[in-house]
Structure formats: structure tokens, C-alpha cells
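Several structures are given next for inspection.
Below, subunit A partners subunit B and then partners subunit C, in two separate complexes.
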Partner chain A sequence: MYQKAYGIIETLAPLHVGASAGEETGNLNLIFRDQFTQTGIIPGSSIRGRFRADMREVDRDWANDCYGHEAEKGNSESTTEAQIKFEYASLVWLPVFCPGQPVVWVSCPRLLRRYQQITKLPSTDINDLPKRYTVKLEKHRKVLFFNLGYLKDLKENQKLSDWVPKGLKSPPNNLVIVDDKDISIIHEMALYRQSRTKLEDHVKKVEYFFGVEALPEGSILVFPTAVKQKKDNNQEVQWKEALDTTEWEFDKPDTNDANLNQFVFKELYFGGLESIGFGRCHVTLSGKYFETEKKS
Partner chain B sequence: MSWEAYSLDQRARKLVTKRSEGCLREAYKMREAVAYGLERFWGESSRYRANQKRYEEDRKQDKANIEKVKADYWEDVWNVLVDLTKEDIDLPLHKDVKVEEDELWKLSRDKQEVALAVLIQLCDCLVWWTQRYK
Partner chain C sequence: MSLPEIKDMNASTNLVDKSLFKYLIVIEPLGFLYGSAGRFLSPDNLVGRSGTSFPPSSATLSGLFSAAYAQEEYEKESDGDELKKKLKARLEPLYFAGPFWAKSDSPQNFYVPTPFNFLVNKGEEHITFRLSRCVGCKKWLNQKGESPTGKFESETWLAIEDWEKLQSIEWHNPPQVKKSPWKPIPHLHPQLREDERCVKIETLENNSERGSLFLENGVQLDPDYCLVYLSNEEIKDGWYRFGGEGHMVDVRCLQLKESNKNLLKLLTDNVGKSFALITPAIWGSNRLSTRFPAEWDGDRYLETLLTERPSPFRYRLGGEGKTKRLSRGRYAVPPGTVYVLKEDIPPWQEWPDEWFPKEGPSLKRWGCGLALPLPSAIA
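For the complex of A and B:
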């Protein structure tokens, strides 16, 4: 009844999805976090909202059809179910400043397991998860120092590059796996943090300030989607066609591997802080749904 | 085989709280000095030591003491850095550095970068605690 697909989000600018500046003036605007790993997420509703906005400009009815009809004022019966379901996006790789490297991308078994469950890549064997404290670095090192601590006894694992999604704009080259319990402190260290100010309109005087935290650029996230095959009136759901009309680009990975699916990509903005230069992302869609389309 | 925190705040607080009032402001100078590299940071205490000796020869013990406290502070911070990075970097203790043998220049560029990055973070923590205690 549903066909699976998934999306990969690669941040090209810091990404903040969470409390917005207007709500917490003068406070730190925190990002949404996963309950267990305490790492940044993008809620499925935010992803759906951006997809809807992307299509609404071109075809409002099509957007309502794919992503659900918003309620009309005074008419509680006006909403419809979305034909495309989105789940939250979780981190796969998080870039961290690492003196001497100078950036390493960090992940942990729990995050990689979700990536594997969603994408079925690189293998469907769930026991095949990379071991913690293994690395694939351009120049192998046993010890990695960070701003607030270090990792030691790191073992080399060349297979880690299999866990990097295809179709990224700038694929990470230095990969590190840490324990599930260590990812939250490393995540705190990796976050982009800044205080921002709003000046008064006619005087160069601070009207208010706010602190933001954001996922750094180069972060890689994954989210699952499900596409309803047939609508209630038995018509096909034409998501792929809808993406085509909204200028999503269709491509094949730059490889001869026949198992890799066609993928679809576009630059999209996520989060509410576009005005301060946040949120630009490269989004890639792939998975079974697009594979079926390729074969037909 | 795990994440090891430096406990920078704890170390910085200890360094700051055992200081006399007279040398607390050195933390700001340290933060500035690290931008120029390990050698300059290492060398700053030598300058205070030389001053200390000069005052001692002139029998100005009060002034000599102030210079001594400052020199001690810089050396203590250096030695904490040595301890923090000992897992992978053979940074010598302050008294063990022989300038004529260019020991700090012998460290690979990678290791110098790592030591500097940790030192910068440590100095940031010193500045933070200085602002609370001065």
C-alpha cells in the first residue's frame, strides 16, 4: 500500500530547527534533539512543511494533494490526509573541529542503525554495524584531540566509507565512530553557537539579542518517507511527477554500481532562521519508490 | 578506549583560585599570546624570571616577588598543558625545555596545532574563571 523512499539532507549552512527567535527573545534558541542520543533532529512536520511550501508556489492543489490539505477557518472537515508521510530526520554524520585534521565526521552505532534501517545500506545485516572507536582518516591516528577532550586507542576501519550516503555535494573523508553515550558531549562541542543582535531602526543601539545554536554546515541527516500507492479514489499518487514540475533534478550516482537507485535532488531551506543565513540544505531523495519508477 | 574529557574547567579553576590577586590579569595576556604559537607562550615566563633576578640583585624583594608569581603562573599553565596532551604529544615540562635545542620546533606541525588548540581552550577557561574571581 505504501512505497518506501528516503531523503538525505546535507547542510550547506548552519541549520536551526527548534525554538524561534520571536518566542524566546534574548534567550538561547535551542534546536530540537533526539530523546536518546541528544543529537539534533528535524521533525517530520518541518520537512513536510518545507516540501509543501516548495510545491505550493507552483501548484497549490497538487501540494494539498501530496502533503495534506490545511484546515480552512471554521471548517473542521476541510483537512485531508497526506499521501506522502515524513518521519523525523536524524543525524548520520556530524562534523566536528579536530585540531590537526581539521574536521572529522562523527557518528555512533545508534544513529547508523537508523540510517541502515531506513536505507538498507550498506547491508541489511543489522549485526554488521561498525564497531565503536573505529576510524577512517586520510592519515590514520590512534588519538584524536578535540577542544574539550580526546579519543584514544582508535582502530582503522576502511569500510566506514560504505556508510557515507551517495549523491552528497561534499562527501566527508575523515570518519569516526564513537560510543552511543559519547555522542551527546561531542554533539554539544560540534554545535554552531552565536549571539545575534537586533539593532534599533534608526540608532546603532541593541534593541535585543538572542543566542542561537545550530547544526554545523556539512552535517548529514536521513529521514524516511512513505508514498501511498493509490489514493482513495484509486488514482495513482504522482509524487515523482510533482517533484519534476517543481524543478527537482533527477540523476544517477556517479558510479557503475547497478544496485544504486536513481536519485532526485534540490536545494531547500529548513528552519525559521533563513534571515540570519541559516538553513540552506542539499536534499537528495532515493529508495524503492524511485527505483520502481526507474524500471517502469 | 573512550571519550576522555580534559576537565578544563576544573583545572582552570584550580589554577585561578590558588593565585594571588597580583597576577590574575595574566590570563588575558595568555589568551592573546597563544595566537602567536607555543614558543612565545613558553618564553613569556623567561621574561618574568629575568625581571625577578634583576629586582633581586637590586634588593627590591617586593617587586621580585610579583615577577616570580607571574612567572610561576605561566609555567603552571604550561605544565597543565603538558599533562592534558600527554596521551599523544611529548611536550616537555616547562623546566625541561632547552631553547638552544629548538625542542618546540621539533614537534610536528600536527602536534603543534593540537597543543595550541588545547592551550587556547584552557586559556579561555582561565579567562572565564578570572572574571568570576578577580
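For the complex of A and C:
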């Protein structure tokens, strides 16, 4: 059995994790998507790669211990299993431009169900998933307009804020729940899209162009993290300590609620196109594994 | 009131007591799962996803149990020999069966493979034909007494609560079947250079270059569904590693409900003369895979069987040290196979151990050949 933890990713810039130029035959670089909701995801292997690279600069052996040792050439016995496992990050709230609001964060029961399954927060209940077409808006309206359509007959539900993760840099204030079957079209409207060109070296002439899509800034995602209880030699897995040495900040939220977890947070870059400002994220780690006091 | 009397008053729990399987292991993925493409795959036979194997077999669940039990025992006892003995004593009596799947909100009504004598027209969900064995004319005929032709759905699943409808000789209300609730997701894992976000390229000795892209045959389960296995022992609820590529799942252990009388009855009743497999079956010896146990041969038992092409069956045996051993590659009679015998035989859990081959443990342990009674298969 593994100890439970989870991470919340809040994008501070557009985030592109998926195909890069050259991997696809077309000229649109798509992001990875969930097969059932068609919403963007970050694969667990990408998250692990980012964490490993973060640690590797400080202590290569420790990084190999936590995140697994790759095979050495000609030595099949050289791989080791990671002590920390990551699964893919799925959206919890997705910001969409909406005239008059001006941005609303959209989710659907299916995405919230995964959030609940991973976090098991007491304020959220799997049997009490928010109903579709309920909202919590600063200025309540019954109808919301988007680029391609509108939502009507919206009902107010103040409890929606229970489903917003704690410890975010800029928590969303306008929340909307849509039907599972509507989330993919809303996701299409919300994606950040950009055409990019490569000019010829000496003339200002387009050599080739391609389109890129990305999750917009302000997207909130969740991923599960499983920490092995004990290593094979019965020693403790020292992940918390590893995070400490790589300048993750440990903090308890400013509240008297003893049930609230200890948070660990840091800014990390995920995905491609980092050089043009893509991929900056605020990552918060939390969950049962972090609830026990950090060892000194 | 004396204790024996209290026990008698609990007569309603007798069915649970009678059943070998007492628990439902409910598995909900936390991310993707791995669909093995490695069954009998060789460099000469790289045919994409052909033969992808999903969901994980009950041998995989058995591995999950033995890893968890080993951890529990290790915490209590660190003496090597004593630990081995205790662990062996806990692992030997384990029995599993599966794989099945269910809707997350009703795991007790799980889905099992549809028997091959029930045919569903392509693109439909209702069972169209029921084939029954006409013992006199030695043919499989449908409910109108004809041999149907056409294209039929393959790999469909049926709710266990509907099994009763299959058993009925009457043909009023044929049940619906479902297709599997998972989708393949080929998943590329590039390895990046340490100092740049570019795919790592190695230069080999002969100066050729080798990239480091790794393609995983990932599978995503519809989040409204879960995988379900039967087990005779409990496991603690929690997060576990399951089924390859280090993927994590949320495991819940539920008791087989007394209210689920139909299932308990199916598991404990004699399978009779005609029955269908709901898990793959391995018969024969370690070297030879056959379509039925040797004991069923001849005049006493086997009348006929209705089956499809065999499916490869292999699992990792674990073993000691770093090197893990693979079991011998075997061919399994696929779930859905219908057997018609000349004599009644007892429920699967009472079938003698000699019918099952052994490779380390008896293959009965992985629920091989778990059969449910299907009297309607004889006309």
C-alpha cells in the first residue's frame, strides 16, 4: 500500500504538454487529452520528469532513489523502481472568457469526481457532486454568454467554492458546472491558440508556420502522488526531506482549522515552449502524506 | 440464548459461508492502466496492438495481494525463515477470479463475459439468438430451431443479475449486453536530455544514432466504471500499484452481500450438465494446453463444447531476488465457452484439484475455468 498525497497545478502562463513540432505530420501541435472528456491532461511521466530534473541538480543519487534509476547501457539490472509515483493531472477548473463576467471557471461532474477521488477532502462528497448548470457568480446571472453559445436556467449554489483547492495563488471567483457532454466544446473555446512562424535566416520571409494550442493561464489541475510506505530495505522514504532541500516552501494555511493540510509549494515549469514564457505553474503538494509534521 | 442458537438464527448468511469467494475487490484507476501487448510478442512478430491484453488477469491481483501481505508480515517479523513460513501460510489458501468490471455505483452487479451461445447482431445491444445443443441431432440451434447466419458482436459483457434470464428456457425478455468501458491510449514517453528539452539521442558504437522514445499501450477506463475481481480473502483499502508500468489504483474490498443471493447461488449451486466459463480456463498438463480436463474425456463426461480461438495466458511468477520469472506460455480456453456434459457435476469450487494443472500453485488459485450453470444450453 502507498501513502496518499496529491498535487494541484495552477497555470500562471499557457501550458502546452503534448506533441512538439516534428512529432506530428500536420502543423497543429495538440495537447494530450483525456479520452472520455476530451479535456487537456499532463501525463504522469511528464510530472515525474519535472520533479526529477528539479532534484537532480541538487543530489543525483537522491533523485534516482525517489523517482527511479534509468537503465544503464548494457546493464539490465541497473534500473530501480521509483519510490514516488505520479499519475496524470486532469483539469478541475478551466477559465473561459465570458463577456460581462469577464472570466468564469468551468468544470463538470466527471472532472470533480476525479478531484474528489484523489483528494478525499471532507468538504467534498462523491455522493453530493454539484449538479450541472449550477453556478456561483459574483453577480449572479441566470444566463451566461460565450463565444459560441450560451448557458441558460443557471441555479445558484454557494457550496461550489468547497470544490476549489486551497493554497492557490489566485483562486477563481466565478464558478460554473456544466454537463459532462458539454465540457469538451467549452474546453475547445477556452484553449489558448497561437500561430507560430519560422522565418528564413536572412530574409523576413516565412519558411514555415505551425499552430500550437495550450491550456490557458489560470487553469487548475489535480494529480495523485503515491509515496511508497517503506523502501525494500525497510527504511523510510525521504521525499519530504528531498523537497526541502530543493527549496520547496512548507506552509500551513492561515486558519485555525486543524483538518487543513500542510502545504508545500513551488513554481515549476511544465511542458514545451518555455523560452517564450509557456509552462510556468504554481504547484501545491498536499494530502495525507504531508499532514504529519515535517521531520527536522 | 445459547451461542449455537444465535448461529442458527443467522441461517441467512449460510450462502455467504458456503461460497468460496467472500469478497469483491473493486479497483478504480487513479490514472491510466497498462494494456499488455507482450503476449507472445517477438521481434519478428511486432504487430502493433494486436493481441493487447486488458483487463489485467487475476494473477495480477494475486501479485498485488502477495506484495501487500509480504509488507505486512515484514513489519511484524524480520527473521527470514520465519517470515517466509508465515507468508507462505497466508498466500497458499488464496483464491481469485476475474477480471470483471462494473459501474462504480453498483459493484455487486458486475459484468461477466457473455456465453458464446448467445449471439448479438452487429451494432445492437439486445441478445438476438440463443443457441441450444440439440442432443439428438448433435447441432447447436437457435430458439426457432434454425442455425443462424450473419455477423455478430464479439467480446460483449453481461450483468451478473441478468444471468438468471440466460438460464431460463423461456425466451421472453432477452437481456442487454455491453461493450467494454475502456479505450486504448497509445502514450509516448520521450526521454529528454538532462540540460535541454530535446529528446535524448544516444550515439551507438557503430556511430549510428538511437532515440529514446518509449511507446506505452495505455488504457483509460471510463471514470464511471471500475474493475472487479472475486476473492476469498480481504485486503486493506488503499492505493496500490497494479498491472504494469507502475500505474496506481484505488482498491476497495467489499463483502459479497447476502442480498446478492443470485450470485451466491450461482457460485454454490451444482453447475449441472451445461455451464459457461466466465474466466479463462487452463486445462491439460504443464506442457500441453487442452480444451477440457483429461478426466472429462470419454463416455462419462463430455458431450460437446462451444468455444472460440484460444487466448494466450501467461503471468509473472515473481520468484526470489531481482530476476522475476515468467510462467510457461499457455493457451487458455476463452471465457464465454459453453460445455455440455453427459452427467451433472458439482459447483466450480468443489471441482477436484486434479482437474487443474499446477505451476507452483494450482491454477485453480487464479480462478481458472470458473463456470456458472447454464441449463438453457441444452434444448
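Points worth noting:
By our rule, the second predicted complex is superposed on the first by the 283 of 296 C-alpha atoms of A that agree within 3 Å, B and C clash if a C-alpha of one lies under 4 Å from a C-alpha of the other, contacts with A are read in each partner's own complex, and residues count from 1 in each chain.
Here is the rule we use: a contact is a pair of C-beta atoms (placed from the backbone, for glycine too) under 8 Å apart; a residue touches a chain by one contact, two chains touch by 3 or more.
Note that the structure is a prediction, hence the values are computed from the model and not measured.
Touch criterion met: A:Y150 reaches subunit B, while subunit C stays clear of it. Within the superposed three-chain model, A:Q35 lies in touch with subunit C and out of touch with subunit B [touch as defined at top]. In the superposed model, more residues of subunit A are touched by C than by the other of subunit B and subunit C.
Within the superposed three-chain model, A:K142 lies in touch with subunit B and out of touch with subunit C [touch as defined at top]. Of the two partner chains placed by the overlay, neither subunit B nor subunit C lies in contact with A:V203. When the two structures are aligned on the shared chain, A:D179 is found in touch with subunit B, with no touch to subunit C. Comparing which residues of subunit A touch subunit B with which touch subunit C, the overlap is empty. Touching subunit C in their complex are the following residues of subunit A: 1-4, 23, 34-36, 43-45, 49, 53, 56, 70, 73, 77, 81-82, 85, 87-88, 110, 113-114, 117-118, 224, 226, 229-230, 234, 272, 274.
The part of subunit C that touches subunit A in the complex is made up of residues 28-32, 68, 71, 74-75, 78, 183, 185, 187-189, 191-192, 194, 197, 202, 220, 222-224, 236, 238-241, 246-248, 250, 322. On the side of subunit B, the complex with subunit A involves touching residues 1-6, 8, 85, 87-88, 110-111, 113-114, 116-118, 121.
By the touch criterion given at the top, residues 99-100, 102, 133, 141-143, 145, 147-153, 178-179, 182, 185-186 of subunit A touch subunit B in their complex.
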